[in-house]
Amino acid sequence: MSKPAPLSKRLAAEGMGTAFLLMAVIGSGIMGEKLAAGNTAIALLANSIATGCALAVLILIFAPVSGAHFNPAVTLCMALQKKIAKRDALAYIAVQIASAIIGVASAHLMFGEPLLFASEKIRTGGGQWWSEFIATFGLLMVIWGCVKQNLPAVPLAVAAYITAAYWFTASTSFANPAVTIARGFSNTFAGIRPEDVLPFILAQVAGALAATMLLRWLIKPS
Amino acid sequence: MSKPAPLSKRLAAEGMGTAFLLMAVIGSGIMGEKLAAGNTAIALLANSIATGCALAVLILIFAPVSGAHFNPAVTLCMALQKKIAKRDALAYIAVQIASAIIGVASAHLMFGEPLLFASEKIRTGGGQWWSEFIATFGLLMVIWGCVKQNLPAVPLAVAAYITAAYWFTASTSFANPAVTIARGFSNTFAGIRPEDVLPFILAQVAGALAATMLLRWLIKPS
Amino acid sequence: MSKPAPLSKRLAAEGMGTAFLLMAVIGSGIMGEKLAAGNTAIALLANSIATGCALAVLILIFAPVSGAHFNPAVTLCMALQKKIAKRDALAYIAVQIASAIIGVASAHLMFGEPLLFASEKIRTGGGQWWSEFIATFGLLMVIWGCVKQNLPAVPLAVAAYITAAYWFTASTSFANPAVTIARGFSNTFAGIRPEDVLPFILAQVAGALAATMLLRWLIKPS
Amino acid sequence: MSKPAPLSKRLAAEGMGTAFLLMAVIGSGIMGEKLAAGNTAIALLANSIATGCALAVLILIFAPVSGAHFNPAVTLCMALQKKIAKRDALAYIAVQIASAIIGVASAHLMFGEPLLFASEKIRTGGGQWWSEFIATFGLLMVIWGCVKQNLPAVPLAVAAYITAAYWFTASTSFANPAVTIARGFSNTFAGIRPEDVLPFILAQVAGALAATMLLRWLIKPS
């Protein structure tokens, strides 16, 4: 983040990272469900480990280029804290959403599914929304905790957090509006019904903002 | 630990860390059991991996603020070794216990369970107590081993130790009095009957003290 | 890579690394399938974790000697970018293929299988080839991302990437021509029918070259 | 290893480390088998992850004190390479064997098994012995690879190697004479029939010596 690359390269990094992230989420979900013979816990174990591993690598290699947000909620909070210009933030978010959808289509292509098809997986209700609030609160807590204290372990920290959060939240921690939108286009293990997307995003943004406020007080050099 | 934050921030860090730790323990236990179709080993695998991942992240981000104890047995030993003032230690312990219970309630809210409800899970007998003695002995052995030798790997070391100890002790390694009390309020996978809590805590404190003594001799610069 | 060892030692390092890599891939596949009681997801989970762990260690210890390619696609791209002399690259590739086959035979010896026997496992079709293109694209993306930015985490990054890619590609990510050829000689969990080998290799080389081009633009100091 | 502690402390470190290692191996084996409902792959997955995690931590904290051998084959090779005095090496080996047996007894105590009881688990034949040769060859390859190149990642490297080797060798990689002897006293998941112990140890020592020779040539500054 110290020596900014030109916007074109930063957007390319956000795009490749987000597309690969979605391939990891969707692809490992399909593979897990296909092989697990009905034992959903094994499918989720594979899904959570694959997502965590992919996330660690993608953040590691793209953070020096673009900051490796891959997530509109992160970009929003970074913009609020003046870590990224507003105009750049909008471009980031547009690229994240588009690339997430491309990633879903690429995963479907690998597994012989239709490129994009609306999910029928119901994910709604107070428990789910509280889960997404907590999941995204925790994600931003981890990011700010590392960023503000200059801890170099961001890639591992975010990856470990998400692997855990897949399990400890009832919603399996989407924690990312671009990911949520894109998963609406996949009627597979990791999908979400289009009509359930908006409340998820609202809960995510609320959680992200709350964590940003709280950490601003907690870790600002006192 | 070198530049102490004000007590209010240190307590906030202990509180957030302990609450998230309990969400990870309880939430991933519920999710694991729900999905594992009766295969308890898969549930415990998910539970141990999620707890380890969460612990690594929480220690990483909160250690610079509060030391990231999240555990009255750790705070007690730190106080005995003059690493924390006695009055602060009492405040730490009170916040740890309260936050642990809040974490349990938050996890229950995500999964649609009653906020708090007494566990009926029996955990008693000599094998269990010996397990808790060993689990907490090992935990403090790891912490002092890292702290006294200035090894920066504390977050990973503690996380890896706990993931292992979930499996190699017959009690699944509570190793933490605040966690033990809070798990008494959860009639789920990770719960413990209230009447079984006290012997667990006694074994934990004994193990923690024994390790602190032994490591004091073993690793004191000779 | 900074202080080059004599070619004989570099080839020995490539040979030992590739042989152990194949033992890990084939051996853990056999063990996983043998124990998993028909639940292929558990077998693949073991296979992916064992391969990732082995890869991390092998790259760690042999990278200072030979660069730890273990993969003709990597050696090819390194040669194109002038990181290795052409004549040395040919020797690397020959040793990688021979050692991969030796590794397969050694694994078979451990598990009481015939030393080498043609696989009957069908792996063909557009989804599989797209998978191998993506898998190898991603592998080179990770390698160049680390190498060009001087990130010391190559061993962990490659290992985490491959563990994830086993799950998120439909082909379980061979991503390595030497590995693909050698797996043709194993009629076990990780095998591939000899007639399916060539298209896999073509897709792998295409993916590797595409990533090398793209990263050359993306991460070249701007 | 640079500033040697007095022998008493080094032996205490070897003893505690080896005892905890055996608790991890035996305890997680019992727990895994008990919970896995007959799916041995899940039991071995838990066993391999728990052993790897424990090993990483134990090497991390005890390496600065004693070198963290926990393994007579390692101590033997270190003595041959003049890294430890012969008399000290004999003391190390005696303590390793005694502590390994104590660790087994402690694990049995946790799980309500007889303190020590002869195993009836058959582990014999050429495939098993070749497995132990390879397993210990690989272990020493990893250790020397790290030690000779001053790589600080020894704890993670050994842990990752052993986690992988549990899966890719037919014997589940004992790779340690003290561990092998001690596992002869446990008629549980990780046990080995007493009459099968000696050939395992011979294969282990042969593998360790072969790797030491080969790495001496390969990685000696050329």
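Points to keep in mind about this one:
Letters A, B, C and D name the chains as they come in the text, with residue numbers starting at 1 for each one.
Please note the rule applied: contacts are C-beta pairs under 8 Å (C-beta built on N, C-alpha and C of every residue); 3 or more make two chains touch, one makes a residue touch a chain.
Everything numeric in this text was worked out from a predicted model, so none of it was measured.
Relative orientation of chain A and chain B, expressed as the C-alpha superposition rotation angle, is 90° to the nearest 5. Rounded to a whole number, the gap between the C-alpha centres of chain A and chain C is 28 angstrom. Mean C-alpha position of chain B lies 40 Å from that of chain C. For chain A, the set of residues touching two or more other chains reads 39, 42, 45, 49.
Chain contacts here close into one cycle, and each chain has exactly two touching partners. Across the assembly, chains come into contact as A-B, A-C, B-D, C-D. For chain D in complex with chain C, the touching residues are 38-42, 44-45, 48-49, 52, 125-127, 130-131, 134, 138, 141-142, 145-146, 149, 151, 153, 156-157, 160-161, 163-164, 166-171, 217-219, 222. Interface residues of chain A facing chain C in the complex, by the touch rule stated above, are 5-6, 9, 12-13, 16, 20, 23-28, 31-32, 35-37, 39, 42-43, 45-47, 49-51, 53-54, 56-57, 60-62, 64-65, 106-107, 109-112, 155, 159.
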